[in-house]
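In this document, chain identifiers A, B, C and D correspond to the written order of the chains, with residue numbering beginning at 1 in each.
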Amino acid sequence: MEKFVESKNISLELANKMLEAARAKGEELGMPFSIAIVDKPGNLKAFQAMDGAPVLSLDIAQNKAFSAAAYNRATHEWYDRLKDDPPLLHGLVHTPRLVIFGGGYPIKVDGELVGGIGVSGGHYTHDMQVCEAGLKVLENLD
Amino acid sequence: MEKFVESKNISLELANKMLEAARAKGEELGMPFSIAIVDKPGNLKAFQAMDGAPVLSLDIAQNKAFSAAAYNRATHEWYDRLKDDPPLLHGLVHTPRLVIFGGGYPIKVDGELVGGIGVSGGHYTHDMQVCEAGLKVLENLD
Amino acid sequence: MEKFVESKNISLELANKMLEAARAKGEELGMPFSIAIVDKPGNLKAFQAMDGAPVLSLDIAQNKAFSAAAYNRATHEWYDRLKDDPPLLHGLVHTPRLVIFGGGYPIKVDGELVGGIGVSGGHYTHDMQVCEAGLKVLENLD
Amino acid sequence: MEKFVESKNISLELANKMLEAARAKGEELGMPFSIAIVDKPGNLKAFQAMDGAPVLSLDIAQNKAFSAAAYNRATHEWYDRLKDDPPLLHGLVHTPRLVIFGGGYPIKVDGELVGGIGVSGGHYTHDMQVCEAGLKVLENLD
């Protein structure tokens, strides 16, 4: 009998390194972003709102991170899957906390989901760049 | 004078049999689903999240079951009724807990509504197959 | 650098065995209970409402299971810690989803938290008996 | 005519320094805490959940920080003001997000409110120590 399922959650140390790298990218872009990192079940692990980040961005960043972890899918991948599927396009988008535009990515270590990162503050193409800077940290671990 | 209205609610025994059949279908499909059964007024009766089911699927499965019981309509039947009725298409979809894509079905015994089943975890076409496996139990009762 | 933290979550197979044992105890007591099992982060894993369970018990059972997992403490242990600590007694009790009376227990495997069980429907002394019957399953694993 | 009201908000740089000092205290105490910093209007500015922090602590920490900033009062100061004022003692405590036990403090710079810090994870006496370590950063600024 299988008594339990093992899972991995992002450590605070790694989350902080990712936040730092993401924030540096935000500064480079010259725009204030909210940056959120959640653990595997989608609970908030670490968060920073850059000075001047729009109030609206606080929750969107957290929801993007949640969306990415809670379905193991980058938020920008949703629209292509919805656009020719009208019931989803008109229905799924109302799911509480689900964001279907760019700026949320699963965080994977050794191919395994350990959390999610979400960014909001600019156009989603900017938000995605900030996320990607955070994710780059994963390439140079150990 | 009518003093009361009688209603039938799904029993836990039947709910469990349906859950079991649905879960077996989920295992056959090789994907982890959340499976929910509600009684006639839409309250949770029985629930199982297969190991690895996405966090996002927990509430969606319950909401699909609720939607199906609370309006006596399979969730995949909504879109066809909304698509040429703009006020509904843009308005009704915001109703809390109402899901308008496949994966939620009323449960009927002798033609009478007794509850709802809802499944989430895959594309709604997968979710529907899992529901239908649960509903098949109803054909061979007694 | 620690990249992640490992954790264990209760399997559906174990959750179902515990539910079954708890329900059998409920039948023996002759009262209808709601019985909920959550995973380590407190998300619903499996649930059953016995026929006739009070509507109020559905959420209380889930909240007890959540409380037990989310703080790794049996819900009946709270009151002794609150009763001589007035700020907590008047304040902590308003925490959403936190239940401070009996009927919720952490589920541990090999001394490690893997989830929570919560029961509601009778007086909390009854609810505790139903939980304990579920927890007994853990003693005879393997 | 006064056209506007000026206010000061904690910077991310200061918030991060406070978080770091608070977390160091948490590590010294050997318990995992959630630590939240909000700006003057009570919106989340920065957050960290130490590895192993109880799920319940995530929201409580944020609510303590919110409470402290939103009323410019440390959360542990509430109970003494409520205890002989029954309408408040039985009423105010139900205010959503208001925490009336220790672990939340206003953050002031030059005597002016700029935000709040909130900590949860241990008994509130521990939570207060972690906050105070964060607040100590304010003494050695410039």
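The working rule: a residue touches a chain if its C-beta (ideal position, glycine included) is under 8 Å from a C-beta of that chain, and two chains touch if they have at least 3 such contacts.
Everything quoted here is computed from the prediction, not taken from an experiment.
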Chain centre separation (chain B, chain D; CA means) in Å: 43
Centroid distance [mean C-alpha coordinates] between chain B and chain A, Å: 30
Intercentroid distance (Cα basis), chain C paired with chain B, Å: 26
Overlap residues in chain B, where contacts from two or more other chains coincide: 51, 55
Chain-level touch network, classified as line, ring, star, complete or other: other
Complete list of chain pairs which touch one another: A-B, A-C, A-D, B-C, C-D
Chain A residues within the chain D interface of the complex: 9, 11-12, 15-16, 23, 39, 43-51, 55, 58
Interfacial residue positions of chain A with respect to chain C in the complex: 1-11, 13-14, 17, 39, 41, 43, 109, 114, 141-142
Complex contact set, residues of chain D against chain C: 51-52, 54-56, 59-60, 76, 78-79, 82-83, 89, 93-94, 99-102, 124
Parts of chain A lying in touch with chain B, wherever the complex brings them together: 2, 5, 41-42, 67, 69-72, 86-88, 90-92, 94-96, 98
